[in-house]
Structures are given as C-alpha cells and as structure tokens.
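In the two assemblies presented below, chain A is common to both, partnered first by chain B and then by chain C.
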Partner chain A sequence: MRCVLDLLRLYGTGIRIGVAENLAYRGNFLIRFFVMLLSDLLFPLIALLVYGSGAAFPGWTLEEVLLIQGVFMMAKGSANLFFFGLVWNIGEMVREGVFDLMLIKPCSVIHLAAATSFSLDNSGSLLGGLGIFIYAVGRIPQPGLWEWAAFLFLFLFSLSVFFSFSLFMSGTLFKWVGNSRIYEIFNTITQFGLFPKTIYSRAFQNLLTYLIPVAMIAFFPAAVLKGEKPEGLLLSAGICLVFFFAARWFWHAMLKSYTSAGG
Partner chain B sequence: MLIEVAELKKTYVHYERGGSFFDAVKSIVHRKAIRVEALKGISFTIEPGELVGFLGPNGAGKSTTIKILTGVLYPSSGRVQVAGYVPWRDRVKYVAGIGAVFGQKSQLIWDIPPVDAFLMNKAIYRIPDKEYRATLDLLVSLLEVERHIKTPTRQLSLGERMRCEFIMAMLHRPQIVFLDEPTIGLDVVAKEKIRSFIKTMNEQGVTFILTTHDLGDVERLAKRVILINRGELIFDNTIEALRGYLGKKKFVTVRTAKPLVTPVFPGMRVLNPFSEYQMEMELDVEAVELNTFIHYLDEEYGIKDLIIEEPPIEDILKSLY
Partner chain C sequence: MRKIASFARRFFNGRLLAAVAAATYKEWAAYRSHILVSLFVGPVYFLVQYFIWSALFQNRATINGYTLQEMLVYYGITTLINYCIMDFADWNLQMLIRTGRFVTFLLRPVSHRFFALSQKVGHRLLGFWLEFIPVYLIFYFFFRLPLVPADFFWSVLSLILGFLMMFLVNYSIGITGFWLIRTDGLRSFFLIFRDVFAGVILPLVFFPGWLQKVLFFLPFQYISYVPVRVFSGSYELGGVTLAIPVIVAIQAVYVLIMALVSELLWRLGIKRFTGVGV
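Now for the complex of A and B:
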C-alpha cells in the first residue's frame, strides 16, 4: 500500500512539475495543444468523407467507426499525456549522457521516466477523443452498467498496450542511440487500430489480435461497449499481459547494455 | 570500511569507422569492433568521513570508476561493496543513501525554479515534510541561495545553478557524495562557496569522492589522493605524500637589496631570474637545509622580500601521467 502511495506521490509531483514546465511558454503550449487536437482529427474526418460519399466499412455504421476512433484517441491521448513521453525522455537523456541521473535515484527508472514526462500539450488529443467518443456513444444503443464496467476494464488493457510499446521503443534506445525513426514504425502499426478489425483479411486480424495486440487499443473496448462479445477477446487480453511482461523484460535486458556517455 | 573496490575491470566495445564514403557505406554491414580496457583491475578502500580526490587525465578511467560506484554501470569483473551494497545489483536500496553532483549534467529543470525541482527529489526520496523543510533551510543558508531558489533555473548564473545542484543532491542527507567536476567553469568566489560547503559537510561526517581537474579543489579539500591513468591506479596516498613524490622540494622567490649574482649552492636550481634583484629558485631540502640557504641569501644579498612555496601539484601530476 505504501508503495502505491509513494508511486502516486511521485506521479503527482511529476504532473505538477510537468504543468509548470508546459506553462512556462504559454504560446508554445497553446499552439501544440491545437496542433495535437487537429492532427488527431484526421482519421475521423476520413471516416466522415467515406460515409459521406455513400461508401461504408462493411457491417459498421459511421457512429460505430467514430466510437472506435474516439476510444483510440482517448487511449493515445491519455498515454501521451501521462507516460508515453518516456520514449523521448529516455532517448534524449541517453543521447546527451544524462540518463545516469535517473539511475542514481532510488525508484523504478521506468516510473521515474514516465512521471517526469507528463506533457499537458497532449491533453488536446485526449479532449478531441473524448468529444468524438461522447458524440458516438450518444448515437448508439445506450450501454448498460455491465458494458460500461467491461469497457473501463478493457480501456486499462488498451493503455497497457501503449505502455508496452513505450517500453519496447525506449528499450531499443539504450543500444541503438539516436534511433529517431522508431516512432514512425510504432505509429504505422498502431494506426491499424483506428478501424474495425473485421475490415482486414483473416490473417491480418489474427496478427492484430494475437501477436501485436493492436485490436485491444480501441476495437475490443468499443465492441463491448456496443454490447458485443467479439471473438478472441479473452485470448487477446491474455496476449496483452504477455506483451506487457515481455516489454518489461526487454526494457530491463536492454538497460544492461547502457554504456553512458564519455566524460 | 565504507567503500571497498577489488580488481575492478571494465571493458567497452567501440566501433571504428573510417571517414571516406566507402567506409560509411561499408559500416552499414560491417563495423570493426575495438575493445577498450577502461579499467584494468584497480583496488582501493575508503573509510567513512574521508574526502578523497580522484585524479587522472582525460580518458584515464575516473568517470567509469565513479559510474560503477554509483550503480550506473556494470563492471566487466571485480568486486565492489559500498556501505554493504553491491551498487549495480542493489541499485534502488543503495542509491537512497548516496548523492551525486555532476558538474556537466544538471538535475535541475531548466524552465522552472530550483525550489520546484527540489520537490521531485522530495517525492523520489520520500522525505517527510518537516525533515525536508529543515534540510532545505539549512542547505539554502549554507550555500547562500535564498534569493535564487525561486528564480527560473535558466535565469541563474552558473555559480548559482551549481549551488542549487548541491541542494538537489543533498536534500535526502546522503552519507556518501560523489562529485564530478563540481567547480568546472566557476569564478573564484563561487568556487570558494562550494569548497567551503563541501568542507562543512565533510566535517559533519559526510564522505566525499571528488573527481576533478581543478587542483585547487584537491589542495583545499582532499586529504587523500587517488590517481588513475590508463585504467590503472598509479598513486594512493595523502596529499603530502604526493607533494613529496618528486623529492622534498621548495620553491623560493626572493627580492634582495644587492644584485643577485647567480648564486651557486648545492641542491639549488634557478627557475626564473625575474630581474637583477629578484629570482625564483628550486631548493632540494634533502640536500640543503632551508634555514642554511635563507641565512646564506640574507648574508650575501640582504633579503627584502621572501616567498617559500610547495612545488605546484601540476608538475608532480605531469611527471606521474
């Protein structure tokens, strides 16, 4: 219990300092806030264009597609806001040789890097996602208490997928310093989660469900909110846990190859 | 014994690449690995409350040793115990009791005042409110930064920033502090404040391991010096023993009433004949007693001014490196 409180205190302080840092340059903060918001609205706009032209994703209404995209943006926005910055945080520190300072602190380096990466700029993404989510939820059959509970539970799994990705990505930076294109690889893979997985081929669906659990980011949480019991849900949840522990193991294994910078 | 290091070795693998276009393309598929032995089996011990100067030229292995001692790096082989812990194995528990100031790596946060950054360490080290307040007040008054801790870090001078770095490193009252170039780039006043702070904390029982190229830091603070060169420990003794390394020498600068016709005296060597009446000489006090030599100078030339100094440590280090 004390450990959890200490962790919350660490994250609380990280958030407080992150807010102070972001607000030190108000102009930059406002510009980044709106850029994040607008850039993440691209895919919902594509969905609107597709459905507006009379086409559709087979078996999915516009509101259901927007629900998936809203959940995706909320998960990505929350990840970016609270912990995903650890990838850049660690990358920059390793390259500049100041990562040593993280290793001389008596706490988990992963948590410390995440707590010190809070970025208020990314709240634009979260708020945009929340807006689309509320719009979409208002236009589908109203979910019951059970559906909401299942949705919230799976939303935690969705965040765990982002957290695992952040560990895999930051882990590589200990060995391949300055690996600046890693985010594009991640972005390309996760963007498949913006659409219903059933529009892809069977083999690709299996890949997104059982190998790299991208379908858990938005498809599964949105599906249970609609009252469905999608195929492969439980197995995919299990895969998320395996993915998380594998990422954690990988990160610590890669940390051992950290050589610091000369000095 | 607080720190025990035995047969510590660390080997890095670097990759060599030529500068030509062909070399750049070739390096995509093949890179020549170079093994660099940064530490070749060094051993030493440090007692609680010591203030040890850790010296050596660039690339000697000082920083590697400090990084292993702070748990940042894994060694290739050897044994290290600090306060009963193996730094890289028991990292989280171990680092709770140590502090570190790296002159070229800041723990402060650029855009916000140091006092806000201190809160991060308060949370990390789980310092209770009352203890935090008391320690902060003490450190702020010792380092004279009352006015500066509420100013954004980017607006502070280097000296003010460095003093705040010390607060950041010592808020949790560590018993061992590693200092890596803590006075680099500072003016004499700022250096003096930092040195006086280190001295005060050392008198209160804090053990310091000081890595520096500023021999003023070592001369003013350290009682013991460890010298490392090319990954090997080449000297480990008191600062007095270091001074005596080149033999017992004194530097004598004298101004006289009568012109100084080059004096010939056993064990004496003229270093700088500044003018007809002023000269700097090196005296081997094992060959001739200082008293005798001064007496001779006064009798022959009439001393008007006299400075007697220890040989500069730089000269001794140059001969050792």
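Now for the complex of A and C:
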C-alpha cells in the first residue's frame, strides 16, 4: 500500500513539474497541443478522403474504421501523456551520460523516467482520439453495459501493449545509443493497428494477434464494443501479458549491459 | 566585377560544397546503423499500404483514376524520392540559433544556407546507397514494382528541383528560430502540412477539387508530388493537365521564388540574432 502511495506521489510531482514546464513556454505548448491533435487526425482524414471517393474496406463502414482509429488514438494519447516519454527520457540520459544519476535514486528507474516525462501537449492526441471515438460510437448500434465493461478491460490491455513497447524501446537504447529512429520502427509496426485486422493476409493476422499483439491496441477493443466476439481474443489477451513480462525482462537484461559514460 | 564574383562565391562555391559534403558523408557514415533503419521502415510501411489498397481495390478497378498497380507505384516512388530529398535543415538551424552556436557561422566567410545545403548533399549521398538503392531493389524484386522513370532526364531534373525545394522550405522554417525560443511546435505544424500537401500521405487528387486548385499555387506539391508524377510520365492536379516539361519549368520557377523568400526571411531574421555569452 505504501509503495502504491509513493508511486502516486511520484507521478503527482512529475505531473506538476510537467505542467509548470509547459506553461513556461505557453506559445510553444499551444502549438504542440494542436500539432499532436492534427498529426493523429491524419489517418481518420485519409479514411474520410478514401471513403469519400467511393472506395471502402470490404465489410467495414467508415464509422467502424473511425472507431478503430479513435480507440488507437485514445490509447496512444494516454500512453504519450502518462508514460511513453520514458523512452525519450532514458534515451537522452544514456546519450548524455547522466543515466547513472537515475540509478542512485531510491525508487524504480522506470517509474521515475515515466513520471518525469509527463507533458500536457500530448493531451491533444488523447482529445482528438476521444472526439473521433465519440463521433464513431454515436453512429454504430449502441453498446450495452457488458460491451462497455469488456471495452474498458481491453483498453487496459491496449495500454499494456504501449507500455511493453516503451520498455523494449528504452531497453534497446542502452545499447543503440541516441538512435531517435527507434520511434519510426515503433510507428511502422503499430501502424498495422490503425486498420481492420481483416484486411491483412492470414499470416499477418496471426502475427499481429499472437506474436506482436498490435491487434489488441484498437481492433479487439473496438470489436467488442460493436458486440462482436473476434477470433483469437482471449489468446491475444494472454499474449499481451507474455509480451509485457518479456519486455520487462528485456529491459532489465539490457540495463545490466549498460556501461556508464563516466557521468 | 571582382565584387560580383566574391558575392556569387558566398552563395555557390564548388570546392566548399565538395569539402563540406565529404565531411558530412564521413560523419554520418559513423552512424550508418541509424540510416539502415530505413531498410526495415520503408518496406514495412509499403507493406501496410499494399494491404490497405489491395483491400480497397477488391471491388473496384480504379479509385480517383488510379488502378491498384498505379497506386502502389505511387507509394513506391514517393518512398524512394523521399530518401533522396529528406532533410533536417530546419532542426539544425533552430538548434544552432537556440544554443547560440550559430555565432561561429557568422564569423565564417560563407553563407550558412550554402553550408547547410552542402551538408544535405553529403548526407543524402550516403542515403542514396544505404537507403535508396537497397529499398529500390526490394521494391523491384520483392514487390515487383515497375519503378522505371517515364523519362530519365526530366525525372532527374525534377528530383533535383524537389531536393532544393525541400531544403529551402525546411530552411525557411528553421529561420523562425530567430523569432521564437522554442520552435518544435511550429516546426512540427509545418512538417505535417508539408507532408500532407506534398502528397506524401495520399495522392493529391484525393483532396476536394477546390483544395487541389489551392495546392497548385502552394510550394508543397513541388517537393514530392511533382517529382513522383514526372517519374510516372503524366501530371494532373485540380483538373489541370500539363506536359512534363511545362510542370518541371513551373517547378523551377517555384524553387527560385522559394529561394527569394528564404533570403528575405534570412535578412529579416538575422537582425534579431543575439549570441550573448557564447
């Protein structure tokens, strides 16, 4: 219990510092807020333009595609707001040779890096996703209580996938020092999650469900909200847990191989 | 006459270009694993496009005048052209201004813009054989994309102009660092607009007709959309169809206009630079 309270205090302090920093450069903060909003609206915009030209994914209405993209944006926005910045934090500290300072602090390095990465401008992405989500949910058959409960439960799994990715990425940066292109690799892999899983070949569907659970980011939560019971859901949830523990193990293994630059 | 020659040398100096490009090439060759990430990112990004468009074309032969093959070729060429013109002059310039390190460039008898352009030449030469050629081969042999330019001369010329246009637009964005302390927000904002309106995300013919007409007059299409269409051998936007030499000539005019805009911004911005305490 005390551990949880300590963590909450740590995150509370991180959020306060993050907000203060954002407000010190208000102009830049406002622009970044809208940029995050706009950049994540690109994929819904593409869907709108493509559907506007008369084309469609077989078996998927525009609203259903937007629902998947809205869920994806909400999960990504939440991750960016609360913990995904740990990748940048750790990467920069390793590059600048000051990561040693983190190791002597009396708390978990992962939580400390996550808590101090809070940036309010990332809320643009979350709000954009919420807007798309509300628009799409209002245009599909209304989900019942059970569907909402299942959706919220799976949304936690979706966040866990992002958290696992953040551990894999920051762990890699202990060895692959200063490589900002790791974000491109992440964006490319997760891009598969922005569209209905059924458009991919069978092999890719299995890959995205049972190996790298990208389908759990948005496709599965959106599907249960529509009242569907998609194939491979339970197994994929299990894979998310395995993915999380594998990421945690990987991060600690990479930490052991970290060599100080001398501070 | 000597004065004119000296002025011209400030803006173009072949020996300087070769020296800076070679130094940048060697500097980035040390980080070749960073550049090699493109060998994964490019083909996987294309794979996503392949699945998306294959699904969309399942019940249709054409979408907005494109067949599936033409659409895939469009994305293939866009990816490859972006390896040739990719640029981060905006980030570099604003970083130099913000940290005050820019002051060292003011002491040098050379235009910083030309120096930055020379750096880009070196960086992209490395990118040409580490990114362009391997990904081209993957597209050609693995995805079976017929990536052969309709006319080699006009394609290369348009690509060079796109290279310059990308640099000038980005450099102009970097100049905003003279006015703003933090430019990340504004830079990201422009970069999104640039990529969307350059046709990197989606062919511009997918946009509403009125917007296509507006885009015709903005500089963005000359970065990527025009080189891609020249490569394919036909140009059309906003209901306007132009012959390849005509659109390349217009592209050249826009590059000149953008060079003037960047020079004007530079003259206004440089007055605001203060390198206190550096």
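Methods note: the second predicted complex is superposed on the first by the 262 of 263 C-alpha atoms of A that agree within 3 Å, B and C clash if a C-alpha of one lies under 4 Å from a C-alpha of the other, contacts with A are read in each partner's own complex, and residues count from 1 in each chain.
The rule we apply is simple: contacts are C-beta pairs under 8 Å (C-beta built on N, C-alpha and C of every residue); 3 or more make two chains touch, one makes a residue touch a chain.
Please read these numbers as outputs of a predicted model, since none were measured by experiment.
A.B. asks: Using the overlay on chain A, decide if chain B and chain C clash or can fit next to each other.
C.D. replies: Fit - chain B and chain C, as placed by superposing on chain A, sit side by side.
A.B. asks: Which of the two partners, first being chain B and second being chain C, lies in contact with A:Glu21: first, second, both, or neither?
C.D. replies: first
A.B. asks: Who does A:Thr116 touch here: chain B (first), chain C (second), both, or neither?
C.D. replies: first
A.B. asks: Touch test for A:Ile104: chain B only (first), chain C only (second), both, or neither?
C.D. replies: Once the two structures are laid over each other on A, A:Ile104 reaches chain B alone.
A.B. asks: Check the residue A:Leu42 against both partner chains and state whether it touches chain B (first), chain C (second), both, or neither.
C.D. replies: second
A.B. asks: Does chain B (first) or chain C (second) touch A:Leu159, or do both, or does neither?
C.D. replies: neither
A.B. asks: Who contacts more of chain A, chain B or chain C?
C.D. replies: Of chain B and chain C, C contacts more residues of chain A.
A.B. asks: Here's one for you: vertex at chain A, rays to chain B and chain C, all C-alpha centres; what's the angle to the nearest 10 degrees?
C.D. replies: 90
A.B. asks: Is A:Val224 in contact with chain B, with chain C, with both, or with neither (first, second, both, neither)?
C.D. replies: neither
A.B. asks: After the superposition on A, what does A:Phe29 contact: first (chain B), second (chain C), both or neither?
C.D. replies: After superposing on A, A:Phe29 lies in contact with chain C but is clear of chain B.
A.B. asks: A:Val71 in the overlay: touching chain B, chain C, both, or neither? Say first, second, both or neither.
C.D. replies: Neither chain B nor chain C is touched by A:Val71.
A.B. asks: Note down the smallest distance between any C-alpha of chain B and any C-alpha of chain C in the overlay, whole angstrom.
C.D. replies: 6
A.B. asks: List the residues of chain A that touch chain B in one complex and chain C in the other.
C.D. replies: The answer is residues 25 of chain A.
A.B. asks: Considering only the defined contacts, which chain A positions touch chain C in the complex?
C.D. replies: Chain A residues touching chain C: 25, 27-32, 34-35, 38-39, 42, 45-46, 49-50, 53-58, 121, 176, 179, 181-182, 184-185, 188-189, 191-192, 195, 199-201, 204.
A.B. asks: Spell out the residues on chain C that touch chain A in their complex, using ranges where they run on.
C.D. replies: My answer: residues 33-34, 37, 40-41, 44-45, 48, 51-52, 54-60, 63-64, 180-186, 188-189, 192, 196, 201-202, 206-207.
A.B. asks: Given the complex with chain B, which residues does chain A contribute to the contact?
C.D. replies: Interface residues on chain A, with respect to chain B: 6, 9-10, 12-14, 16-17, 20-21, 24-25, 97-98, 100-101, 103-108, 112, 116, 256, 258-260, 262-263.
A.B. asks: In the complex, go through chain B and note every residue touching chain A.
C.D. replies: These residues of chain B touch chain A: 12, 59, 63, 67, 70-74, 91-93, 95-96, 98, 100, 102, 104-107, 109, 111-112, 116-117, 119-120, 122-126, 152, 180.
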